[in-house]
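For reference, the structures are reproduced in the following blocks.
First subunit A sits with subunit B, and in the next complex the same chain sits with subunit C.
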Partner chain A sequence: MALEDLFKVVKDRFKEDKKIERKTDSVEIPKDLLFKCPRCGTIAYREDFLKNKQVCSSCGYHARIGYRERLAMTADADSFVEFDAGMTSLNPIDFPGYEEKVAALREKCGMNEAVVTGTCRIRGYKTVIGIMDSNFMMASMGSVVGEKITRAFEYATKNKMPVILFTASGGARMQEGIVSLMQMAKTSGAIARHNEAGQLYVTVMTDPTTGGVTASFASLGDIIIAEPKVLIGFAGRRVIQDTIRQQLPDDFQSAEFMLENGFADMIVDRKNMRSVLAKILKMHNYIKADKIPGKDEAV
Partner chain B sequence: MCCISEEFVMFDKILIANRGEIAIRIIRACRELGIETVAVYSTADRQALHAQIADQAVCIGGPRSSDSYLNTRAILAACEITGAKAIHPGFGFLSENSRFVRLCDKCGIKWIGPNAAAMEAMGDKANAKIAMMKAGVPVVRGSEGVVKDMEEARAISADIGYPVLVKASAGGGGRGIRRADSEKELEAAVTAAKQEALQFFGNDDVYIEKFIVNPRHVEIQILADEQGNTVHLGERDCSCQRRNQKVLEESPSPIMTPELREKMGEAALRAARVYGYYNAGTVEFLVDKDLNFYFMEMNARIQVEHPVTEMATGIDLIKEQIRIAMGLPLSYRQEDISLTGHVIECRINAEDPKQGFRPCPGKVQSIHLPGGFGVRIDTAVYQGYEIPPYYDSMIAKLIVKGRDRSEAITKMKVALSEMLIEGIQTNIDFQLNLLRDKEFESGIFDIGFLNRKNLS
Partner chain C sequence: MSNLSASERLAVIRTKGRPTVMDYIPAVFNNFLEMHGDRFYGDDAAIIGGIATLESIPVTVIGQVKGRNLEENKRTNFSMPHPEGYRKALRLAKQAEKFHRPVICLVDTPGAFCGVEAEKRGQGEAIAKNLMEFMTLRTPVISVVLGEGGSGGALALAVCDELAMLENALYSSISPRGFASILWKDASRESEAAELMRSTAEDLFKFGVCEKIISEPAGGAHNDPELMTANLSEYLTEAVPRLMKKNIDELLDERYEKFRKIGMFSE
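Then we have the complex of A and B:
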């Protein structure tokens, strides 16, 4: 007899003794108690996951986060002043159902478009900031995204300020057709003028940064930072594989692959992001804005 | 049984978040109460007795405790799939994890033990001490709470007199404690205690107290229901310790008098009431040679040595714990409780006393357990069982009850002599040497006496 079955008789004898008819109880674990990592499958308490800035403590996966959370963990409290908050897109190519889709997303995400721009302070250093939010139509780049980013750079050029852009995008917005593709050239032009004015531009690539965004402003930073393990690419993996008829490496289009091949300058964990950005601004001779007592710490 | 409270909730099924003999002990109590049991086990414990005899068994992870018996997510999931609405934590593992208690609350799972707030308050040693002083529980003289700087440390130490102990406020398990015999040694002691405290507990707060020279360790078992009734069940003397690990426990304590028991029992109940404590708990005291006693800490769980009290009082502590968790009032008043005879418990460990008590896991080739009048064995080991190397080395508890201490010692010697475990090394002979020791026999010893001897 296997050792595992040696004591089965104990259970059987006890069952003979039981007379009471039992009701079956059920236990329900509240849905918001746990978080399952989509990358490694580890289950963690949501409370811990949120405390860890939405980074999986097991595999280091940096979950996609909305612009509000990103702003809260990057900028000094109450320092953000938004640009062009009310700007919304038209339907330039009469794409069926586009207006309804955008209206529904505005309602759901509480934002008018896929990027939010403005000025803020990071540990006292004033900067122009842009944050793309993948919850809004996978942060695809349409006319409003292009225009807001262009205007942000123009403001920074005029006011001799740096720009920090958190990129995330599925690419150009097909619902706006050729108008979307034009944003690549428009934003690149504005970035070039900002560069000629001698100002700093830092890109932070977050999950996922792909398509026309990678092919334009996301890759134009003076310093290109990526969050660990995020997806960065232009065309999809399968499209490339079918075109060149070659097997691609496993880590193809990962932040680490980009770093190894010179398309990114550094990979920074979310928990260090704020201090790294502040240090970069300090190194480039930007001056701390007047301190607000109790709100800004030293770098 | 007295009246049944309105909040009475009968459990159908209890999950036991533990292993080894304590899991077996709890399964037995549940069966007597007609409650179904769910065992959880690690992949190293497939053959373990608790996994075999419980009504249901759920594998909760790999051999390492952090993957299984400490894996709270897996344990909650086990409750969900089995419908177990209560958890008994036993001792060790999650038994004093207040965060887990709160998570159980959120899931509607009843914790068979005290509430999280009481647990947390007890865990903060420096503040617990202040609260005890206020409640009139005697404490060792020392700093009132955390020591702010060296200047304060020097002033306090000079006032209470050397030797002093510097202790981590978040401490436990003997970590973060340093002794200073003079002012010269104080700064080094504070620095070292702070460093260790930061390393182990992530908090370098320390406090200072008078070092009691050669004390005894005497603890009081208490029971408190959720209606606020409390009783104490007398003491256990745990002065037989090897490097802060209890080896043998007995009740009554050889130094106990009825007056001292009443005073200590009252103090223990005052300590429990400070935090609105309920369920079973143990209040640990140091007793000096003049029979002054000082509050050390309160353990918010059932303890390894609980059978000593069960044998002395005739009260099943595990069943009481479950009844209390069901919302039932205590079925005993203080005057109903009396201690009879003398009880001794020996912890049998799979370890080699000749090689520095190195743990000796391995296969139990053959085993013979003693029995007879007044002999009790709590174990999870059986013939052919392979003791895994991942967990505590205690494999059995042998408990005997005699009319007096001398009869109990003799009975224990007889029982230990009959106990045979082949295939692994155990401390049975070490325990016999301890029982034969003149100092032990005299009953006059302190917590340091085993460390000063070589009984291996």
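Then we have the complex of A and C:
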């Protein structure tokens, strides 16, 4: 048994969510009014939770957020130019119901695939950016995710630009079979070339970064940042639990676990993320876009 | 070519007595000298590696070790490597690069090991690093899937110039069991899953993942290990000198393109 539980982590969480729903239902509190932290169980007014950038005020768990919110809190206003917005999946292994599932998600999420890529500015520093959105099929990696990330790196290599990726994923997309596995090699190859070109790659691991994404581009950053309390790991928690037949500690496969074991450089709060990223770009000698008029229209 | 279904092949590759790396290495290569350890943490018996000669060409051989009995399997963790196994493989590949030796990877694993220690030592990072480093390794790399090619744990030894598969081998992004348990919440329906997954050598040839299918004796490799070995040797002795003749920069571009073009999408 190996990667077969890439999605179970996610499933477990859905189960937890359901449990939580049932509990809240029993006291009949509308869930759009309240947020219950999946890590510590603390209940907060949703309004306060949203004001706090969707971070649990009690334990500091950084909840999953959609790509639009992520972009809004990371990039300078109106600076984002999207790549490959219309790219959508086909069905390489004729997986039953796959097209319908993707179509329904496109409708529901208002996005075409699980990652959005492009260029933006962060406090004036221009960068290639990619944001994975777990609302879309748990941001699993199929052909489109692999291709968009690969193109983003190729663009950055060609234009001597840094790449910042916000990772979140259940892993390889089962519905695309071997083709999904090959995206791990493809993206890693594009990163190798970007790396050889001497350009900077920063990974920001968000909830949840697991499976084939952890085992490829998420782990290859020159600098690896994690958001507090998020899930980061390779194998599914339940698979490991079944193997060792004992309960795992709560912080197993957390951002803090990664830091302690030497697989993340730093843990950064959402409220400080933009300033930390800008500092990093500055210290790698990237120049503020507004200081080089005329060269700015390249994108 | 055999006309076995995917689930029949699954049964064939699990047959007791199917030859493993431990059978192929002495039969295909000469002068094998095993090298141990990743120089960081330890030595992982799930991956064997070393230098040997193929005809008269020095090569580096790296393989995943399926046990032939329970005792061997205990030692080799049922061919499920830990991070130190992948790091040993990378160390030997880098050594091969330095001395311009081709690398031959023999893939045979249900997957990378899933456990607490593997997570602590960075299983994800170890695999990712191999994908990146093998992509730019300045020496020819050939991978052969002997039986099971399970997911990222197999891919970590399969970023190569040419991927060959034994006729009945299966290579997939998730095990048939895992696929069944997600799709139908019933791991016991793995045979059905195997049919759906498109992971046979012919399927992978069509997807551009596999370049060469090495035929097996009728009924499977276990029926005639000598013939199987001869077929594998024949392929390697043809492919290794052919790849060595290529200009290394062209070879690396082709390696990149091989993976670069895999994917199906519309825009």
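The rule we apply is simple: the second predicted complex is superposed on the first by the 248 of 299 C-alpha atoms of A that agree within 3 Å, B and C clash if a C-alpha of one lies under 4 Å from a C-alpha of the other, contacts with A are read in each partner's own complex, and residues count from 1 in each chain.
Here is the rule we go by: contacts are C-beta pairs under 8 Å (C-beta built on N, C-alpha and C of every residue); 3 or more make two chains touch, one makes a residue touch a chain.
Keep in mind it's a predicted model, so treat the numbers as computed, not measured.
Engineer: One more residue to check, A:34. First (subunit B), second (subunit C), both or neither?
Structural biologist: The answer is first: A:34 touches subunit B but not subunit C.
Engineer: With both complexes overlaid on chain A, does A:133 touch subunit B (first), subunit C (second), both or neither?
Structural biologist: Touch partners of A:133: none, neither subunit B nor subunit C.
Engineer: Under the stated touch criterion, which partner chain does A:227 make contact with: subunit B (first), subunit C (second), both, or neither?
Structural biologist: neither
Engineer: Is A:43 contacted by the first partner subunit B, the second partner subunit C, both or neither?
Structural biologist: Once the two structures are laid over each other on A, A:43 reaches subunit B alone.
Engineer: Between subunit B and subunit C, which makes contact with more of the residues in subunit A?
Structural biologist: Touching more of subunit A: C.
Engineer: So which bits of subunit A does subunit B touch that subunit C touches too?
Structural biologist: 3-8.
Engineer: Using the touch rule from the top, collect the residues of subunit A that touch subunit B in their complex.
Structural biologist: Touching subunit B from subunit A are residues 3-8, 10-11, 14, 18, 20, 22-30, 33-34, 43-45.
Engineer: So in the complex, which bits of subunit C are touching subunit A?
Structural biologist: Residues in contact with subunit A: 80, 109-116, 118-125, 127-129, 131-133, 135-136, 150-153, 155-156, 158-159, 171-175, 177-179, 181-183, 196-199, 203-204, 207, 209, 255-256, 259-260, 262-267.
Engineer: Residue numbers of subunit A touching subunit C in their complex, please.
Structural biologist: Residue positions touching the partner: 1-8, 84, 86-96, 143-144, 146-147, 150, 172, 174, 176-186, 188-193, 195-196, 211-212, 214-220, 233-236, 239-240, 243-244, 248, 252-253, 257, 261-263.
Engineer: For subunit B, which residues count as touching subunit A in their complex?
Structural biologist: Where subunit B meets subunit A, its residues are 12-13, 31, 34, 36, 46-47, 49, 52-55, 73, 76-77, 79-80, 83-85, 103, 106-109, 382, 384-385.
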